[in-house]
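Heads up, there are several structures right after this.
Heads up, the next two complexes both have subunit A, just with different partners, subunit B and then subunit C.
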Partner chain A sequence: MLAEKKSNLILNIIFAIMFVVTVFPILLTISISLTDSRAIMDHGYSIWPETFSTEAYRYIFKTPETILRAYAVTIFVTVVGATLSTLIISLYSYALSRKDFKGRKVLTFYVFITMLFNGGTVAWYIVCTSLYHLSNTVWSMILPYLMNTWYIIIMRTFFQTSVPVSIIESGKLDGAGEWRIFFELVIPIAVPGIATIALFQTLNYWNDWWLPIMFIVKPELYNLQFLLQRMMQNIQQLNENAKYMANASEQLMNVPTDGARMALCIVAMGPILIVYPFFQKYFIQGLTIGSIKG
Partner chain B sequence: MKMKKWLSFLLAAVLAALCLAGCGGNQNSAVVEEDMNQCPEDSYEINWYLMAEPQSDVHSIEAALNDYLKDKINVTVKINCLSSAQYGQKMNTMINANEYFDLCFAARWMLDYVNNARAGAFVALDDYLDSYLKDTAAGYNEGILDCSRVDGTLYALPVNKEMATQYGWIYRKDIADKYNIDMSQYKSFEDLEPVLAMIKENEPEMNYPIDWSIDTAPFTLYQSENFIFKDGTYPDDTVMNIFGTPEFKQACETARDFYEKGYVRSDVLTATDQLQRMKEGKTFVMLQPIKPGKVQELFKDSTYQFAQTGVTQPMIDYLAGTGSMQAISATSKNPVRVARFLNILNTDPYVKNLVIHGIEGKHYTKIDEKTVEPIENSGYDLYADSWTIGNVFLDYLTTAEEPDKLEQLKQFNAEAKDSRVNKFLLEANDDVEQRQAEISNVIDKYKKQLVVGAVDPETTIPEFLEQLDVVGVQEQIQYNQEQYDAYLKTLEQ
Partner chain C sequence: MRVKSKTKQTVIKNKRISAEKIKSQLPLFMMTLPGIIITFMFAYMPMFGIILAFKKINLRQGIFGSDWYGLKNFSYLFKSNDAYIMIRNTICYNLTFIVVGAVLGVALAIGLSILRNKRTSKVFQTVFIMPHFLSMIIVSYLVLAFLNMENGFLNRVITMVFGGDPVNWYVEPKWWPFILIFVNFWKEMGFGSIIYLSAISGIDMQLYEAASIDGASGWQKIWHITLPMLKTIVCIQIILGVGSLFGGDFGLFYQVPMDSGALSEVTTTIPVYVYKNITAGGPRALGLASATSFIQSVTGCALVIFANAVVRKLDSDSSLF
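Moving on, here comes the complex of A and B:
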């Protein structure tokens, strides 16, 4: 009893420390975004705003179209991309998990090989631009991440271990077709696995700035993370290359303040925080509910 | 057995793909010559990539350009602005993928002009200099185009702008006047120390009278004054490890001394807001690369007064010809027409000012013949990027600048000293590149901390040098020396 209490206490302390370590940077970011820029210059960062100011938020919403448009692009890409990719990954890996499926070995091998070897950025870029003509389309930010071989392997193993063959057979005996078996019997059992993949893919799509760098030239199609990334990178570029850009004085002076950068971080981070608890519900549920009784 | 069959199938597929890719590339049509005095009948669209912040009203500029150019060379222009964060990565991938575009910004420090030129990414322009680019070529100071050549061939046209680098102090003029300080008499950081001590004591607002980053710390001045060349040559033509020189040690010690005495801020290693602080009046002086009109450009709407004064001689260095250029892509379908457009961009004030300022009445108001006032939030203003485009001597100035800025700039160029090392380019094979990468990793790790004064040079420099020896800096020096000697020989001929 006493030992249990003790270990509980230790566990609690460990988790409390982890909580502080993860939450502190976020609180600091919020605080900096709400501090007057002169106060930051004078006193540095602090966890409580020295002089309160919403100047940073007003600065980034000065031209609200840019940010709102980026929001729309990000949300569209995330919703469509995560939904489609979860569906495709689940379908593909379910097929691979079925021992009675003939093409199983070939398709597994195909996935496996592409996971280990790939053609490199340039080949990939040529396929996306010359073959599929994705440059400057919203699809360039969705299609390249649709299939994720690593998640397919994970999901295949998940289906194999958590969906018993007897359930599929019982469905067959009752006269259900393959689609019905998949959507009505297999998916409800596999929710935890699918929710995990969906969460990962949601994060992948939400946090992506690499695809816009490669494919997007039109400012209308910039997404939120790209705006953020661009702002940070520009600052870095300007500082690293200041000696080459003797003429670039004006850009150097237009660098956004620390506050504005942090404010954009908060704006970009906001909605995804709401998604987390939603998925968490499924994790816990899925882990505790079994499928075959008796 | 089954596995084997699959592997062979896979191999065959890969080979087939490679073959197709091989056949697909390099379908460049032969160059079609054109008559300079005639407007061609077929229209051509020029896909132009600029390193600049994207502008929302770019379409009206394109329309105005197309109207103007239709009767001259019959082209339409598509302007693509990519911010510096995206530019290098995107353009490099496009070049490697052999993707079509016509014209782009390139420099030695962005888009790796030298290596991309050697790899055949850009059209050689030497043949055009007497024909399609004749007017442009006449506008350069002597020798500048030689600085832009790679292995004897010109692959891009440098932007005609300030062609020399000079370092100098930028400082708060009101404070200097108050204490009767004549900044032009201070020629080193060490000389400046008493002034800094005095300011620190008497001006409580200025906690840190001086500020710097890696490129504006004491070492910069040493490097610039002794003219220790980028790849490490001393004036007497011996290549050496600049980090082992007494000058480097002295510079780091000065930086460390100022850091410990509190003349420079304690977070100097990570700070990026040096110029912003200066603008807010919190710093007295900084070393900066200067040119005529620099402080007006930097602090155009500050409440304080600023001034600048030169410390080093203006020097034509390797950046003169390769610091900012326009290159025609090897994938362009009509390089001749693009060259003709480049010629107009470099010589026609209307086109240049349309591209940087926008349309009169819509994006700027004209004050007089050569002065404009930008309209705020008009959706187009690339004036800040003028130094990446064409010829800055054609620019209309803004009201915030000194009216004789361009004449001063010409004077500056005329007075600049040339150096014979600025055309030297190192040739490298894979092994050497590997070694260079390792060396620069070590340099990245130590140089910044040492130069800004954040660590003690007494203990860190020996460690730094040891690490450099481990990755083979001696071999590299020897290699550079051989190449440099060969270069000097060709120079004598």
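Moving on, here comes the complex of A and C:
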């Protein structure tokens, strides 16, 4: 069904306004990061750099170790985490999608329960730290996100609707084992679904700050998001303490400028903004097939 | 005699079949094993920890070693003023997010689906979904670009365009309910509409054509065809949303206000309170945190089951389980 001409025009105007509201904050941030620091002091932030300057980017890459390290941590966690979790989730949900698998009822229930009930953050934190000793390890930023009930449900439905039973049967007749059937026959058909989960998990790992905020103290294990968070918190504290400290002005001199902060923010979100449009079509397709109630 | 041997044979046969069956089931079971282990480690083990709410937590003694403490953690919690504030905040914000979110999500999906130009519709959709993929840390920086006291965009507009006085946003609680609600929908509205949009694209076009022949207007078609078809999916979303009524997004309430103490009256929700008490450490703070966690888990679970029961009673097709 399509809108009549007049309502179509009104809708377009509303959406155009929403478009601007959505994009404006990001453009503003980019503009700040590209504005000369003196221009910011004189005129404040504006949507177009009054005096164009790449000084902020040069500043943050002047001592690149911290940022490059944080990038390395983020990339390692994202690649390992997204790969492992996509594999684990796909395997689990594929088994659940098989009607002839005896454990499917119990194992569906097993993950479904975790969606309804959990032990709470305190218990989770204590188990992770005092039982698994995850504090200050890179694994603390990977292991807790490996399973996800929501994705299991989406993928199970996806396998059920897109992989014909006859293909599995024919594989069995040819004498292929379950693992070979999965890797050689099922995965090629299920690429859109698997790619959706992989993309979501990539973004989840890339954007994560919750696990570092809980488990990471060592600066060399900071990921990008956590680095941003720590930086903001330090500036906040410096500003608050400035009144009471004798050498405050000296310390404040070393604080990154507004532009440098925003530049770091752009550096952290850049890859997502660039990659996102290419994947968007893919994941909508995957979600659409996977989320039909089944 | 003969009968006996026959049954013996079938028993053996059955045994062989079941052995084969186990053998054929084994690979599928092995596929689920990593998932079983991870879920056990990070979801089931902490479930035992729910008893922490009734213990005097001592990190060195662990979950089971700590001494029982009765309901003291809860009585401390409810003696403080914190309990009222955070429960009020959590419920009010999340209720707004669930109800307004469903309305906005459905409205946006319908709007996008009836745009005449499909290409612009796709572009709008792409842009509206995008903020979902930004982390709350990034969002907190974007918000700071507007609300910074000295240089922020909003203060600049207030002083230069309207000639008003700059507002020190991060110490003025009265604005923050609006700011947080706006930020939430700015970030999640587009993503929330995907599921409705895909449901709309599954509706049989013939229904609309038949309605047109009967002379139905656009609004009537939306009211009598689109909305009823979306009922099930809206119900499922609401059931799932109700589970977070006592929880919800931690980042929105912690990162976006920059953890500003002056705002805590309107930004302290249950997850924020729990986090702050965990980082504060010490048996007292951990006790308060675990009592709060307990309330969050138990009410969350009860609410989902309750919401599902209500929906099932009204319309059995729309329930989640």
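Worth pointing out:
Note that the second predicted complex is superposed on the first by the 221 of 294 C-alpha atoms of A that agree within 3 Å, B and C clash if a C-alpha of one lies under 4 Å from a C-alpha of the other, contacts with A are read in each partner's own complex, and residues count from 1 in each chain.
Note that in this section contacts are C-beta pairs under 8 Å (C-beta built on N, C-alpha and C of every residue); 3 or more make two chains touch, one makes a residue touch a chain.
Keep in mind the model is a prediction, meaning the values are calculated, not measured.
Once chain A of one complex is fitted onto chain A of the other, the partner contacts of A:234 are limited to subunit B, with no touch recorded for subunit C.
By the touch criterion stated above, A:121 is placed in contact with subunit B and with subunit C alike. In the superposition on chain A, A:164 makes contact with neither subunit B nor subunit C. When the two complexes are overlaid, the chain among subunit B and subunit C that reaches more residues of subunit A is C.
In the superposition on chain A, A:270 makes contact with neither subunit B nor subunit C. Of the two partner chains, subunit B is the only one that A:38 touches; subunit C does not reach it. In the superposed pair of complexes, A:64 makes contact with neither subunit B nor subunit C. Once chain A of one complex is fitted onto chain A of the other, the partner contacts of A:188 are absent, as it touches neither subunit B nor subunit C. In the superposition on chain A, contact is made by A:15 with subunit C only, not with subunit B. Touch criterion met: A:203 reaches subunit C, while subunit B stays clear of it. Across the two superposed structures, the residue set of subunit A contacted by subunit B and also by subunit C is 41, 44, 121-122, 125-126, 130, 214, 229, 232-233, 236, 258.
The touching residues of subunit A, counted against subunit B in their complex, run 38, 41, 44, 63, 106, 109, 113, 121-122, 125-126, 129-130, 212-214, 217, 219, 229-239, 241-255, 257-258.
The residues of subunit C lying in touch with subunit A in their complex are 21, 25, 27-29, 31-32, 34-36, 38-39, 41-50, 52-53, 57, 59, 62-63, 111-116, 120, 124, 126-131, 133-138, 140-146, 148, 150-153, 155-156, 186, 190, 194-195, 198, 201-202, 205, 208, 218, 221, 225-226, 232-233, 236, 243, 250-251, 255, 258-259, 271, 274-275, 278, 286, 289-290, 293-294, 296-297, 300-301, 304-305, 321. For subunit B in complex with subunit A, the touching residues are 6, 10, 21, 53-54, 56, 80, 82-86, 89-90, 93-94, 96-99, 107-110, 161-162, 165, 213, 215-216, 267, 272-273, 275-277, 279-280, 282, 289-291, 294, 297-300, 319, 323-324, 377, 383-387, 392. Residue ranges on subunit A touching subunit C, taken from their complex, read 1-5, 7-8, 11-12, 14-15, 18-19, 21-23, 25-26, 28-29, 32, 40-41, 43-47, 87-89, 91-92, 94-96, 98, 101-103, 107, 110-112, 114-128, 130-132, 143-144, 146-147, 152, 177-179, 182, 203, 207-210, 214, 225, 228-229, 232-233, 236, 258, 261-262, 265, 268-269, 272-273, 276-277, 280, 284, 287-288, 291-293.
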